[in-house]
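Paired with subunit B in one complex and with subunit C in the other, subunit A is shared by the two complexes that follow.
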Partner chain A sequence: MSNTRSKCALKAALAATLFGASLLSVPANAQDQRTYDDDPVARGDTPESIKGYEIAARSDRSDSGFGDSKVSANMILRNSAGQITERSLSFSTLEKENETVGDKSLVIFNSPRDVEGTALLSHAKILDPDDQWLFLPALKRVKRISSANKSGPFVGSEFAFEDFTLTELNKFTYAHVGEEEVDGMMMDVLERFPRYEKSGYTKQKAWIDQAVFQARKIEFYDRRGGLLKTLTLSDYREYDGVWRAHKLAMVNHKTNKETDLIYTEFQFKTGLDESDFVKGVLLRIR
Partner chain B sequence: MAASNKLLDNFASGLAQWMIKLRWIVIAISVGGAIAIGSYASQLEFSNNYRAFFSKQNPELQAFEDFQSTYTKSDTFVFVLKTKDTSGAFTNDTLAAVELLTEEGWQIPYALRVDSLSNFQYTYAVEDDLIVEDLIVDARNLTPDELIQKRDIALAEPLLRNQLITADGKVTAVNVVLQYPEKALTEVPEAVAVARATRDMIEENFPNLEVYLTGTTMLNNAFAEAVNNDLATLVPLMFLVVLILTAITVRSISATAATLAIIILSTTVAMGFAGYIGIKLAGPSPSAPVIILTLAIADSIHILISMRAAMRDGLKKHAAIVEAMRINFLPVGVTSITTVVGFLSLRFSDSPPFQDLGTITAVGIFAAWFLSMTLLPALLSLAPIRIKSRPAGQTRNQVMLGFANFVIRRFRTLLLIIGISVAALISFIPSIELSDQWREYFAPRIEFRAESDLVIEHFGFYPIEYSVPANEPGGVNEPDFLRKIEAYTEWLRVQPDVTHVYSITDIMKRLNKNLNADDPAYYRLPDERELAAQYLLLYELSLPYGLDLNDRINIDKSATRVTATLDGRVTTKRVREFLKQSEKWFEDHAPDIKTSATGPQVMFTFIAQRNVESMILGTSIAVAAIAIIMILALRSFRMGLISLVPNALPILSAFGAWAILVGEVGFSVAAIAAISMGIVIDDTVHFLAKYMRAHRDKGLSSADSIRYAFETVGVAIVVNTVILGAGFLVLTLSAFKINEEMGMLTSLTIGFALTLDFLFLPALLLLLARFSGETIDVKGDEYVQHSFEVRT
Partner chain C sequence: MRQSLNIVVVSIGTALASLNGASAGEWEFGGEIASEVRYFPQSAQFPDQFDDWQPSATVQADLRWQSDDGKHQIVVIPFGRLDAQDDSRTHVDLREGYYRYVSESDWTLLIGAAKVFWGTVESRHLVDIINQTDGVEDIDEEDKLGQPMVKLSLLKDWGQLDLFVLPGFRTRTFPGSDGRLRFALPVDTENPVFERNARRGAVDYAARYSNFFGNWDVGLSAFHGTSREPRFTIAQTGGSLLPVYDRITQGSLDVQYTAGAWLWKGEAIVRGGQGKTFFAGVAGFEYTVYQIFQKPWDLGLLAEYLYDGRDEGFVVETFGLTSEAPFTAFQNDVFTGARLAFNDTQDTSMLAGISVDADDSSLSMFVEAERRIGQNWTAELESRLFFNVDPSNLATSVRDDDFLTFRLTRYF
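Presenting the complex of A and B:
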């Protein structure tokens, strides 16, 4: 480990500890703090990028130590003609070991009926294509999806698969662009730039509150730099120091289509481990 | 009756005298007022959306709007890349250009999706892996073997062949789909500027490539460019024509200047009004200034010619102006009203630009009439006009008198010949074909037309869209439904003029093969609904941004879209036939599926029909209103009705002649009758007004009244016809086909109207006189002798 790296790590740890200690609302974070490395590229070297990175890091790390989680969700899709359709899915997530890799997740589709039991296992990567396997119950086979694309709409919604891995710290470089008061909350405003070449975006702009360090709003900018989508995260609830938004509303400004993702109650530390996130498990889901 | 005539005469004389007396005030108020209204013309905007041609109630537009909000908007740019040599699309150079263009396509403002050979999502299987990747990556470094392999894949792919790559592999296309916020008129030109720069950049970097640029965005842009083109060329030309014709007719610089002032101010008022009420100029509406210039001049010409005649008869200038005003007050008023009625009936059109044309022109004509009654006498009273009075004993117009005598002598022969000719022409009308192929709306000097003409040599041009509904959410995955879509797709593919069909079934079949280890035996539709649904889920998870299936399957998967592209050379008639056959296919093979075609092509295919339907009522009301006006103006029920004959026949004859000479006409056809009826009736009004004055008020015989009419207004009618004809001929130079046809058909009508007014109307009057037992004085010697007494 290089000298600068360890210095940075120390700085981040100190910063996190300070913030953690100063805010009674999230005491768990400070105590749970694991050792992290700063990624020098993601971190950058200008004051804005370092500040942006640190705010993002504080936000990402605010839920570190959640271990694993399970949650059901409803997706409500609306097109510009006002037609509505729903999908229901459940997510299981295993927290990443460290910041050089992403979380592992298992998505099971419950409805529509035609895709019931279809399961998607992902091992998120930071800068490489994710590893993904899909179990198709009608085919009774597991297929590995070899595609560099993470930017297409997820099951026809306005969410891309890459939007679900928003908090992976080192996927972006950052710039802190200011502070704003929104709905009575002070927010840090960050711009972040995807480092993954095949990302569908050139830029995202995130509003992160200064109280519990959660993203409240994210704007997505397309390849021309034009505003493409806005994600509003609301109904935040605290689970023993870990915060989760329960309503994610995505609006596509180009097509006027919308998707709401509504989570039910999260369950944490349900006892999942690595062996629940291997390819073989897909066949046993039913 | 004579009393009311006297009343009107007195009013007109009085008005003229006041206008001369208060001329400085009149000039100040009317010029100031016209300029004040005209200042709003700066708010005029040019529409750049083909949807502007359809009313909100238009069923084809509504269907298409629904379609677009279910799938995606379908505004496009199509770039077509062709090598200057024969090397074709599958070279490192061309594919590198495609790759670059695909990347740059995303930089075009409002781009939603880019489809090309390079970003085509090629799927294949390696054991249990489904590989999804761009078909062409790093084209510069592909080996000759790889190039051949890519070529084979592309040409075998039904979604690409003849859509993005020609079947011979020579010419390739890149398609960019855009979604405009539709908030500002600057959006289209903004996107077009970037698209053109992108094209130029490709041509510069790849000297072996020619790039053609078309698509519905270029179409939209062409509408605005055609308007600019027209306003920049036709309006100045029209000014020149008007200037020359007026100068020749009135032979006085100051009178010409007065006339020009009237028509320029009339046009200014009309365009200012259009700007004030927020009209967006599109297609036919920008021809309003040209039409107003043409029509507004008529009022002035009639007054000026009368004034000259009165001065030649020895009246002083001011007295001559009052006299000219007096004898023209009624006919100029009536002709203005009929023209206004004709144009206002365009408000019934289904097409807003025609409604706007009607409104703007009606305002312009009204302004011209008002200014001719106020500003013109005021200006003329200031003009240094000197005309020698003619020597005593000379009739005023030997040519016209001779012509009158000819018509009177030969009236039976004329009735017969003209009657038969007109009937013959009319019999050809049914052979007219309605044609609205939007590529052909523009003259080749408009870039969109020129480039599209090159594109249709290689690719289809007119997409016909179908949203085919399944019976329930998720129903598109039902094997039975998919089989029907497949059968329909196959049927479409063998239809003549269908160049390409885009259908979800091709994707389904490919996925079924890929997920069964690329076994060609599985290149068929999946047998189970769940299988199909799960394939799609898998496929959707693998697609990049912008290449999703949302534009092919609706959100609850209860309907899918099938697109058939038709050859750019098809006729509108063939399109209608195709649509009918397609409808029949569903009736025969899938009676439970209710779908109908939509898209710009479908909208334009029925635009003429919609406009004809909507204008039948409008034209009927105009005809009825004009008949009532004529009856009141001529104060004779019989004459009012007779006046319609030489006005209906020229229109019908013009259509007949058109059927023989051209054969096809766009949706302007619907408006022609209403427009030209209001215009050509002017000649009849002038002729019959003079005829009635002589016949009823002066008690002359029918034949002598005809001589009187010819002698007094014959020249004015000819001059008027020449001016009107010239004005509408100027319109034929429009870059927009609809205006060109409107100009030609109206000029033809005006020509026929002169012929019928001069040869047929007098003959008809004489025939009626014969029926009521009058003897026709063929020689007319007595008339010449009395010519001075009947002057006024």
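Presenting the complex of A and C:
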């Protein structure tokens, strides 16, 4: 039988991929901007939904043309008693060709040591489940895995799988609900509603600044409509027009557990291409 | 073994020589040390076998080097086990020891000892043929010996093609006469027999194409060489079994169809060279229920059917002196299992399964549980139980070998 550890690793890696795929691409003003067509369903047809969609699109497209990136990260999990567990990961990301698909990403676990070398390759989609393959180093096994589990938490973290595709524009419909000043910055406040199946949320509320168009805070409302979690994005740094948050702090209001995701310096345009994100590359990681 | 080690040493030496003067690169050291104890509650079935406790310790080192540009890689992973009860289980192996060149375009070349896994199903690793089974480790056939090889991989738009030249055939390891979980007679691994065009030192060949098409993942493989599975003959002394290795040709297919929470899996082989050409297959599914009982727990349900059409000739009791093909426990069997992942910070998980022989109703059951402790330790519990074993079933020689294993591993 395949080892029980496979499943642990699987969960851990799944967690990771999504980080790699998307929170990474919380965006800004890259040079070589691509042009995209709006998705009419995501855009909607009321003034609030159109304004919401346009603000979200400006935010999502602000790093258009980033090409590819590499970054390492530490994930720090804190339970309600304050006990800490850490994981370290590295991510490679290839920008999507257009907005009908998602980014491609490769996530490799560096610690804990028992899952070191576990890797996950994801070809993200918008409304369909992503294509994902897991590499289990102890068995040298590459396994295609189900990505149907959107709302599940993983590795004890407060992030759900779906939390990592937050900036895929066309995964949501939108409503612009107002403007607020927070910490001296003017913010647009949006509500957004998942279009994909099996979401654990009825809605999310996002604060996007009006200066460089980055998400600063996101609230998650559960299926009963209650406030479940708050994500704070901070330590934004600019890389040649592309903005990246280097600290993502998720607090679960129901359990009082927290998970921080701390990134090191990003590297962009590292020369990655499609061939670095095919299934076969999993076999040469370790 | 000596030959394979030579190949590895020479290939790594060559690699190092060719890199001399190239970029300095970086070494990485890691490893794991485990202590384990197996407990057998029932008395041994055969003379010489030990009773009760089997303490054991393992060490695995992990040395890696990669050039600054990532094109040159060296991996060395030696493994050793010290066993208090079974001398045959005390052994060392070079699990991996290779040099790999990763080209900038779309190919990689690996030279040395390595591990390769093929397949999709869980209850049996039918198409997985490159590496020999390290049979003293466990009876689940998941532990493998390092296989010397030259492997060329092409990663193209049309999929992945792997070509293998496999010198240095490794014979299978088996528990010694003291050991539990063995046949009625111990296997004399020092005196393997090569028949039907097989010979010591023969080179084996394999090729594999793999790709995915939408929700389908497909692998097509071919192998020509020495069978990893031996037949057996009784030694002239009458006190042991000699493993008999044949030259075989095998074609195989492994597929998986991924649809939401369902994974549909299948593996099939056609093998010639051991009696009449035969077909064997495994097919089944894995279905996952997410967040059961409003908890973050995931429950995976597994079911697989196993068929094997080989001509075994005599059954175990007579040790089939004239058997045409190696024994198998999977002629007509049904496996069902469940996997529970707690999704906690310590990655706690459990896996349990039952295999039933559809012909004689013999049952085998296992449970595995695992949890990380702190950052660098894991604790594992494993148990395997045999019920209702028919005297003609392959499992009859291990019917009194129910066991419970506890293992504590420290990672570095």
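Note that in this section the second predicted complex is superposed on the first by the 253 of 286 C-alpha atoms of A that agree within 3 Å, B and C clash if a C-alpha of one lies under 4 Å from a C-alpha of the other, contacts with A are read in each partner's own complex, and residues count from 1 in each chain.
The working rule: a contact is a pair of C-beta atoms (placed from the backbone, for glycine too) under 8 Å apart; a residue touches a chain by one contact, two chains touch by 3 or more.
Since the model is a prediction, treat every value here as computed from it, not as a measurement.
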item: First, second, both or neither for A:V281, with subunit B first and subunit C second; value: second
item: Which superposed partner A:R223 touches (first subunit B, second subunit C, both, neither); value: first
item: First (subunit B), second (subunit C), both or neither touched by A:T255; value: first
item: Partner chain(s) touched by A:T85 [first = subunit B, second = subunit C, both, neither]; value: both
item: Contacts of A:P112 with subunit B and subunit C, given as first, second, both or neither; value: both
item: First, second, both or neither for A:K140, with subunit B first and subunit C second; value: second
item: Partner chain(s) touched by A:L120 [first = subunit B, second = subunit C, both, neither]; value: first
item: Touched partner set for A:S151, first subunit B, second subunit C, both or neither; value: both
item: Doubly contacted residues of subunit A, that is, touched by subunit B and again by subunit C; value: 77, 79, 85, 112-115, 139, 141-146, 148-149, 151-156
item: Touch list for subunit A against partner subunit C, complex; value: 1-5, 7-12, 77, 79, 85-86, 111-116, 129, 131, 139-146, 148-149, 151-157, 275, 278-281, 283-284, 286
item: Residues of subunit A defined as touching subunit B within the complex; value: 77-81, 83-85, 109, 112-115, 118, 120, 132, 134, 136-139, 141-149, 151-156, 160-161, 198, 200, 222-224, 226, 254-255, 257
item: For the subunit C and subunit A complex, residues of the former touching the latter; value: 30, 32, 64, 73, 75, 100, 102, 106, 108, 115-117, 119-120, 122-123, 140, 142, 153, 155, 160, 210-212, 217, 256, 258, 260-263, 288, 290-291, 296, 298, 300, 337, 339, 341, 343-351, 353, 366, 368-370, 372, 375-376, 378, 380, 409, 411-412
item: Subunit B to subunit A touching residues, read off their complex; value: 66, 69-70, 72, 106-112, 126, 128-133, 179, 473-474, 477, 515, 528-535, 537-538, 540-550, 553-557
